[in-house]
Amino acid sequence: MSYFVQLVVDGLATGSVYGALALAIVLVNRSTGMINFSQGALAVLSTFVAYAVVQAGAPLLLGLLVAVAFAVVLGAFVERVVVRRFEGGDANTAVVATIGLLVLVSGIAGAIWSYDPRPFPSLFPNATLGLGGVFVSVRSIGTTVVIVAVMVLLQLLFRFTKLGLAMRAVADNPSSAALSGLPVSRLLMIGWGIAAGLGAVAGVLVAPQLFISPTMLDFTLVYALAAAILGGLDSPLGAVVAGWFIGVVENLAGAYVDVIGNDLKIAVPFAAMIVILALRPQGLFGRRTVVRV
Amino acid sequence: MSLLELQDVTASYGQGRVLHGISLSLAEHGATGILGANGAGKTTTLRAISGTVRTTGRILFDGRDISGLGPDRTARLGIAHVPEGRGTMAQLTVRDNLLVGAYQRRDRRQIATDVDYCLDLFPQLQARTGSPAAALSGGEQQMLAVARAFMAKPRLMLLDEASLGLAPSTARTVYDAIRRLRSETGLSMLVVEQNAVLAFSLVDDVTVLETGRVTVEGTASELMGMDSVRRAYLGG
Amino acid sequence: MPAFLTAGRLRAAAVAVVAVVLVLLPLVSSPYVNYQVTTMAVFAVALLGLNVVMGYAGQVSLGQSAFVGIGAYVAGYGTLNGWPVLLSFVVACLLPAVVGMLVALAAARLRGLALAMVTIALPIVGTPVAKRLSDVTGGSQGLTVSWLEPPSWVALADDQWRYYVVVLIALGVFLLTRNLVRGRVGRSFAIVRDNEAVALSMGISPYRTKVLAFTLASTIGGASGFLYLAVVQYTSPETLSFGTSINLVVAMVIGGTGSLVGAVLGAVYYVLVPVLAGQLDASRTALLSGAVLLLVLFVLPGGLVSLPRRVHQLLTARRRRSATTPPGAPDGQAGTPALTSDGVAP
């Protein structure tokens, strides 16, 4: 029983990371209609910034804040300089463009920090918490709590601030938003910045477990994309829930289904994705009217 | 001095030129209707003013040349474009749509007053303030589009085919409200309308476009008197 | 028309020159150069397959490396188990074809990202599966073989013999594919790529067309896997990894999407860039690749193959621009040609 609970909690923690990256992908997709394959690479580069800050002797929390600030600027810069050119154009070209970004950004990280995985400090102590005979790791709980908190903050931003309203308006109908005087291009930049910042939080939280390297989030990105599709590309809530679902199911399947084991866990979200896409092409939480998928 | 003045304006989509040198002017508090067949360039004229199509020539708004400015810039200068097809934010609630319209304003108290004014102008929206725009009927969406444009407190409203796709009685309701809006606020308007009867009920002056050129200009009553105009646009 | 005749003659002359160079090259160059050129032929075939599905049929595929990998494993397994070379080749094409077709049958109804995701699954899931099936694949160690040595009656070194075999097969694959994409099948690909509704109205099933494109792409990918093993004599899970797939997409776009010559140029790029970057610093390959890809997307969307046309276009545009002054561009978002007017239009 304790083992089971531990598996579920660990699954929720990795699922939170998938969900955070998936949410970043959904935010970008809603505002610019693009799928950002470089979302993981941007997060890794930002996590390396946190790493550099920590190497310089500063506390990790400061590193996290610097990384998020860096990511916001980086995301906005990338949108303005590279991505804008491909918005509203051919969808395949847009996919290729973000793949180019993925290669370029991880190439930058590799050129500066090399491809060898390095240990990364954790925000949380490596301890377990006992609750009525059930033991769960503090790291897993901490990761989940931080990401849930960030998501709640984002939700508050979108629901209750003028900036959030403007971003929702641009995501909904950019041409009408412009006719109402909204600075559409600046809002798109901010949207990419927020998405990248979210990715940076996910990167810093998962780095202690994965060890930091330019390819650290390659698999996480694939999980996040699967979660974004499962949840429905236009549904932030769906992305998060699907992230947890994938995290928990792959953990349980890896532990209890012998054929799968640790190495084939990655097949689980794909199997789930293919089944669900066959039954409900718009995803679990997506709107049927959106036929982008 | 006129509020809006177009001098020899051309506009093109890609290689195709749609406007071939339009000139017209609109006085402050005035309202001009633009009539013409499909493809005459009515919508493009509005888009040239709000900056959503490539143009040449001069477009003076309050004495300032605004040609080349994008839609967000012209909107901030006081031009509110109600586009053809309404252009509401489908997933946003009615109230959020109105607040988006007021995005550039800082006077929070006055915004609340203006929201109330819009709901008074379009009572049909009162019960729907929490519903997403996509859930509204076509007529209600058109009302919302006009209300959202008004929320920017513009000096000039560009109104494109506000009766399109509406039942005749609904279209009349929409135009009654717009007429009231005009008389109560003195808002200047440039009105593109297929339904000439509705257009004549709202505007002082009329400009007729044919294939991207101005062919007839005059006051509404002058044009009502012209046989050619009556035959072409008023069905007799 | 004399101009046409001249162009035709030029073309024939160019083909003849290329043919002579291809025949003579291995005889005069070092084994290292032969190895590199042969590798280019291998990846030209892999990119050709990717081009069929992505360039000609317009369906994003991020799984091409899986088919190359399967082809290479089949060839390796066949060699180690004493299969005749021809049998290895046929199975190396057929098995990926079957896998590709099954995946396409399930996925071809999806569009855009969903399709891309299902194709990503191939290398992502394929890599651990390949490691797991160590009896067949040699696990993480991979398969090392020693085959395709020149027969005793041929006075050629290993590298020269393999060069001829690989280049000849590659040419055959290119010719077959050329006939296919220039014929009825190619037209149906283009119609489905440009507008599925039009395709339906013309009696072309987008679903069946896409399945066909994927199956072709995976068959060609399998052939290139066979050739890969012929040159490299070794394969491992790395061959079918996601990274390989990404690099193939990058090389294809740089070479020129939807172009046979583009596939060759892409392969030259694919093989040369790590070599060139390696002379500076091996860890810079990705950096260089990403930068080149974005540069190509910005200034040369048709890829290297469109370079002559693009240069011509820029020159004539400049001439025209200096002749007449441009109209003042109403551009709300400066420097965003893609977004002006149609991007903002209701």
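So that you can tell them apart, the chains are marked A, B and C in the order they are listed, and the count of residues begins at 1 in each.
In this text, contacts are C-beta pairs under 8 Å (C-beta built on N, C-alpha and C of every residue); 3 or more make two chains touch, one makes a residue touch a chain.
Owing to the predicted nature of the structure, the values given are computational and were not obtained by experimental measurement.
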item: Chain closest to the assembly centre - both centres taken as Cα means; value: A
item: Interface ranked first by C-beta contact pairs; value: A-C
item: Centre-of-Cα separation between chain C and chain B, whole angstrom; value: 52
item: Inter-chain centre distance, chain A versus chain B - centres from mean C-alpha coordinates, in Å; value: 43
item: Chain A-chain C separation of Cα centroids, rounded to whole Å; value: 31
item: Multi-partner residues of chain B (at least 2 other chains); value: 52, 70-72, 83, 87
item: Multi-partner residues of chain A (each touching 2 or more other chains); value: 175-176, 178, 184
item: Residues of chain C touching at least two other chains; value: 332-333, 342, 344-346
item: Residues of chain A that touch chain C when the two form their complex; value: 35, 82, 84-89, 91-93, 95-97, 99-108, 110-111, 114-115, 174-176, 178, 184-185, 214-215, 218-219, 222, 225-226, 229, 233, 263-264, 266-267, 270, 273-274, 277-278, 281, 291-293
item: Residue ranges of chain C touching chain A (in the complex, touch as defined); value: 54, 58, 60, 106-107, 110-114, 116-118, 120-121, 124-125, 128-129, 131-132, 242-243, 246-247, 249-250, 253, 281, 283-291, 293-294, 297-298, 301, 332-333, 336-339, 342-346
item: Interface residues, chain A side, partner chain B - complex; value: 162, 165-166, 168-169, 172-173, 175-184
item: Chain A-facing residues of chain B, complex; value: 50, 52, 70-72, 75-76, 80-81, 83, 87-92, 96, 99-101, 103-104, 148-149, 152
